[in-house]
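Order of writing sets the chain letters: A, B, C and D. Residues in each chain are counted from 1.
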Amino acid sequence: MKKIIALLIAIMMLATLAACTKDEGPASPSTSASASTSPSASDAPSASASTPASTESSTQASASPEGSAPAGPTDPSVNANSIGFFFDDVDPHSRRTYDIVWAYMRPMALFLNIHDAMVELEDVLNFKLTGYCANSDIDAMLQNIEIFADQGVDGYIIVIDATANMRIKEVLDETGLPYIGILNSVRDSNGSEIVPLIGMEGFTIGHMMTQWLYDNYKKYWGDIDTSKIGMLNYTFSPNIDFHERHLGNIEKFNELLPGNGDLIFPADGVSGALDEQTGYDLASAIFAGHPEVEYWFVPSCLELYAFAASRAAETLNMEDRVLITTANSDVLSAQWDNGYDGCFVSCIATHALQYAAPALSGLVSLINGTSTFDTLWSTIRNPRDLYTYFEMDVEILTIDTYKAFFDRVRAESGL
Amino acid sequence: MGAAERVKNFLKSKTFTLLCILVAIMAFFWYFSANHSFLSVRNITSILYSMVLFILFSIGVSLLVIFGEFDLSPGYVGTAAGATLATILSGTGIPWFLVMLICLLLGIVFGLINAVLVNKFRVQSFIATLAVGSFLAKGFSYIISGGRAIAIDHPVIDWLASYKLWDVVPVTVIISVALILVYGIVLAKTQFGRSIYLCGGNKEAARLAGLDPKKLSYLLFANSGMLGAMAGVLFASRLKSGNLDGTNSYSFPAVTAVIFGGISFGGGSGNMVGCFLGLLIINAFNNGLTIMRVSPNWTGVASGALLILALTLDYLSNRRVRRQIGGKTS
Amino acid sequence: MTDNDKSGSVIKKITGAKEFTLVVIWAVLVLVLWLLNRNFLSPGNIRSIFNSAFVIGILAVGLSCLLIGGKIDLSSGNTGMLAGVLISILLRDGVHWVPAILITLAFGAVTGAVNAFFVNGLKFAPFISTLAVSSIYGGVALVITNSANIPVSSQDHDWFLALGTKSFGVLPVPFLIALVLLAVYGGVLWGTGFGRRVYMTGGNANAARLAGINPVKITSILFVNNSVIASVAGILFAAFMKMGSPIAISGSDLDGITAAILGGVAFTGGSGNMFGVFIGLMMLTSFQNGLLMAGLDSYYQVVAKGLLLIGALILDYYRENARLRALKAGK
Amino acid sequence: MEKLLEFKNISKAFPGVQALDNVSFSARGGAVSALLGENGAGKSTLLKILSGDIQPDAGSVCIDGEDRRFASPYQSIKASVSVIYQERQLLGAMNVMENVFLDDLHEKFGIVNRSELKRKTQEIIDIFELPVKPTDIVGRLSVAHQQMIEIMKAYRRGSDIIAFDEPTAPLTDKEIAILFKLIRELKERGKIILYVSHRMAEIFQITDDIIVLKDGQLVTTLRTSGTNERELVKAMVGRDIGDTYSNLKRNEIMGDVLLEVKNLETDYVHDVSFELRRGEVLGFAGLVGAGRTEVMRAVFGADPIISGEIKLEGKPVRFKKPKDAIGSGIALCPEDRKDQGLILGRSIRDNVSIPVLSKLKRGLFMSYRAEEALAAEAVRKYSIRTPSTDKRTVELSGGNQQKTILGRWTSDKMVTKVLILDEPTKGIDVGTKAEVYQMIHDFAATGIGVIFISSELPEVLNVSDNIIVMQNGRVTGRVSRQEATEELVVAMSMLE
């Protein structure tokens, strides 16, 4: 009897394996010859919950960009040589469908949202997207970059992990295919950006977060003795990108509140993991451990830690003495939609489309040869950089400004 | 034994079933992959290339499982060795081969800590190696590198990582395949290998018959640590940096390969050929998933399913043995 | 026995007990950490220690029963995580919180049954087959949530969220539930026939068979029980964090095992009790919290936690060794 | 109504040996029946059948005339039968009352009634007069107290049939007196009591009738009052020595002293001294648990030595581990073949070649041909019944397993000076036993010193040149083959 059950298990295993090859997930229908059966039961419920903001408020795709924001790189479509972009009246469907790979290191909400945003743009720019996650195994990523090249993909949009960026760039160059970096900058020894990249400089994020807290604390706390303001400064030191935000916070904090140097408390998640439990343990221990700090700035480098810190403040009923902000708006926007209005007051808004739209348009123009690494976005290039670091124009959102921002970005992306 | 008898044995043997699975997977992915590129030369080499690190981990773990013990620490030890390589190479002027030696010694030290916990303090090898790996080795890699991934740029290290013989077959593939061949032969043919099987079967009987299980245990744990460190060094030299996630996640697939290779948990059975085939199956499968553009969320489910399949095969082949010994091994 | 003899023996009974040494070690630890930072024992910090402890504590309850029965389950972390994700999805799709909890607990029971079948039915090695289940659940969670967190809205689920966020003075509700589970299971293991049979199964399997106990039945129940309790941990964490997340508490089962071993649960089965596990839990969480508060460099915290677990394992060896030496001396 | 236990035509065979051959006897209630016989006479097999551990090949067990077949120990317990084995089945981590009331914890709605349990256990403790409390952890008690707790378990069940297997071995005199008082009390209550023991004094002190077994067959049933020690020993051992030993070609040439052991002291044995000459067969007689195995394990380096001196060929030696002893030419065939002798999962070839692996190499690798030759030679020499040397030892009979081990220690590549055989003929058919005896003397003839441990008296007396008798870890007598009589040796091994 057990023998039968064992065979059943083996068959069931093969069935799941076959199922997961059939189920392409968010990627477009597989080019395989076999007719793809109905998506397996495990297909995620249709409405991907990650960006409710974008689905609810999708206004009609406005052709002309309202120039509400001041001219300059804030509006992704207003760009001197945005060749091959939505508005250069070249019909993308006149050419073959490009095969583009979106590769990233860890299954994080931001990367998945970028994936969904790109899928929405698939028919706008006529390309097929494949998502690849290396599950923090860089060696596997190097392998698969080559494998995809062999498979005849046309280009990569890739998060180049900071810990091995030189090697990854080398492998990308070997494939000879065009690629655009997201989030992590790749700089040579004298600090010049050597990969066309869309993202936010770690240090600028740090400066921006702490500056915002400094400019807005009066709205929440009124006129208080600034010598009592301390800072809980999260980091996950093995990740250079998070760590640069942590250092940026410290630089700006010392600049704005020179006397409070000894009220800065680092909270390194390396002793735990990139999850809420570690965030909570760090925050609750440091909040409870240092009552001498009456008011807390918490410019968090990671949104999960930021939300955990807000829970810690709630449980220690210190909400009225803590102000939290972070980079990326996925967690907070979702919580705002669900009625959250605590001391986690603001976040640097990054709608996935702000990454997806310029990255795709840039890559498409690179693939069809209308632009090269050198000419792409040359007008907004920092003189010391080899290629353009497309510094995303970001805003800090609060509970009452975030909806409007998301609608505007969707409109500009031609959706 | 006549040739017919030998063939009949081969058909019933575990290796044959593994070959069938391998062929099934190859055919499945060949058929479904775009323009049948699954079996292209480049793809085969990239499968072998991705196996290099797993081979090193699996050799160490297989010897221990045949010996009747277990090791979950090699992945973490690899990361520690990579971080040490990066730190020492960039900081001090120590020549590269000495640095390599230090990293391998580091692996041996972690292996010996495992051995002391298992032999002297009777700690079960699974929990001991998990504690040494996921805490001590991980903590060590952070401390030695100060939490930063230090870059490596050293001509010899680069050559080791990227040099391709007749610019098709990477030198690391040759090293790893050579290693698994050597260990396979040592295991199957030499006195050292035979005593691993014997102790795996019954340690007390082996001790009373003139073998020395205690010494062997220290040796095998140290060997597993050394191979883990070697893999870590290779990993770091490939990435040209002492990455701190490193090979932490490599212990799991190595265990799956060991079980696939027919190395059963009671100790005393299984061989390197099975282990190599197991690795081939896992890596071909993962490679196939990538080529089929399967969404990344499914890799976790797939690797877990593969391990269950391996355990089921192990169960089916063990049922026959277990009935004979009167349920002794259960 | 005369009176003073009686009181003398009671004191001797307490001091002789294994748990007494645990309490002393814990007290010393708390004292040292208090000296490092006076606010260690402030009410706020105590509540935050409890909030950091309830997930590990609940997981440790299920895991200790299994360890005492002679088995192990490495899938409880991811089972809990998936339970948290499941309940958040159910709530988001409008299911009332009581049936949602019941469905999630049923999911836990099914997981336990699958584990029991693999270990008892097909004779897989427990830690490997549960490791496989854990990896599968990790993948499934990513597929279901597409790696995004699923918030639980506070407008229409305030009852459910109260479960995670309310607290009575210094005792948060989730930790209270952990204490209740520790007490209930402590009572079951100590006082009921089933509990004693769990010890017998773990301690000496053929002596148990002689007493007509069916080890397969007992361990299967323990596996189902462990996965259900893991789901409770997941549900409470989702309530506490007001969202389900595909990476939450997946590493907490190793901490649960560490707490159990610190509390004197033998890895070889057959000994240990829930009071010891409670002390082990408090030791582990106050150790982590105290080190954080004292500002120890986080890299050394990773090593410190490792030394704590290895120290507990070595302590377990000497405790077991002392028992055997006493036995031999008595010959 | 008087209880009656009948064994009718019970037969049971194990691979290679007929443990019980058509044994029939009955035991009535209100009486203590002793089961007497040498080791291997079939006493423990009978008890295992009564307890349901094993099932008989033929015949049946009848209680009060009703034929009962026990598929498992639990069923026999439920049929009010309690068998107390020598190896105790206790739960070390749990306390006394839980061990005594193992399968009946007085649960009300699942809750254990601890006060009730404590009260009842205390009652039994008082009857047994044990200085122990119901809540003491059993693991921390002395072996004597643990044995009493094992007996308390049977007493508490109030089983109608209680069988004791060598119960007094670990007990002190005070505890033995208490035990006998209890047995008499059980007798008055009409229980059937089976009592297995080697201690003549006890048999005459407590039992009513005696059933004597030999080689799996019933010899006679006697009334205790109607017989005496001498008659019993004769019945027990007196058998036609017949030709088993007469045509044994003995080795007569004795060399110089090969192995000398002076005042050996270990955890289990005290002040043991003996000498072994080249070509001598030195027998070790005594009861199970007399410490003979422990002496040899100490000499062999398997167990640590507290003090004492060992000389091999005149040179003092101290072996830290068996590997060193084997290197110096000492070989040990352990008593427990399955757990300590063979690696069951491996083939005959693998098991034979273990100690001499280094000598079977061609260059770096093991030479298959050399191993095959060695194993084939052992199979031929000891006529092991097997289709090929590749057969796994788990599939061999008891006799063939023993021959495989002998083959290992006396293979051509082994340089054996001292060969220690621990119960080599245990569980082997009579035919093969004769072969083993001849082999022993063939080894001796080659100049090897053989130490021959056996609990079967006729074997030791007739095969050995000299005999050393041990009891409770001490040497209680030395006698040469000529002077030795079974009565003398039995006396030395049993009586204080």
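A few notes on this one:
Rule of thumb we're sticking to: a contact is a pair of C-beta atoms (placed from the backbone, for glycine too) under 8 Å apart; a residue touches a chain by one contact, two chains touch by 3 or more.
If you're wondering where the values come from, they're calculated on a predicted model, not measured in any experiment.
Think of each touching pair as a link: the shortest run of links from chain A to chain D has 2 of them. Looking at chain B and chain C, the chains in contact with each of them are A, D. Here the CA centre of chain B is 46 Å from the CA centre of chain D.
Chain geometry summary: the mean Cα position of chain A and that of chain C are 35 Å apart.
Residue positions of chain D in touch with at least two other chains are not found. In chain A, the residues that reach two or more other chains under the touch definition are 2, 6, 9, 25-26, 107, 237, 268, 270. Within chain C, residues 122, 140, 142-143, 146-147, 298-299, 302, 305 each touch two or more of the remaining chains. The list of touching chain pairs reads A-B, A-C, B-C, B-D, C-D. Against chain A, the residues of chain B that register as touching in their complex are 31-35, 37, 40, 42-43, 46, 49-50, 53, 142, 147-149, 151, 153, 235, 238-241, 243-245, 249-250, 285-302, 305-306, 308-309, 312-313, 315-316, 319.
Those residues of chain C that touch chain D in the shared complex are 191-196, 199-200, 203-204, 206-207, 209-212, 266, 270-271, 323, 326-328, 330-331.
Those residues of chain A whose C-beta lies close enough to touch chain B in the complex are 2-3, 6, 9-10, 13-14, 16-17, 20-21, 23-27, 30-34, 107, 130-133, 135-140, 142-144, 146-148, 150-152, 161-164, 166-167, 237-238, 240, 243, 268, 270. In the complex of the two chains, the chain B residues touching chain D come out as 185, 189-191, 194-195, 197-198, 201-202, 204-212, 266, 268-269, 321, 324-325, 328-329. Residue ranges of chain C in contact with chain A, taken from their complex: 37, 39-40, 42, 44-45, 47-49, 51-52, 55, 89, 92-93, 117, 121-122, 140, 142-155, 165, 167, 172, 237, 240-243, 245-252, 288-289, 292-293, 295, 298-299, 301-302, 305.
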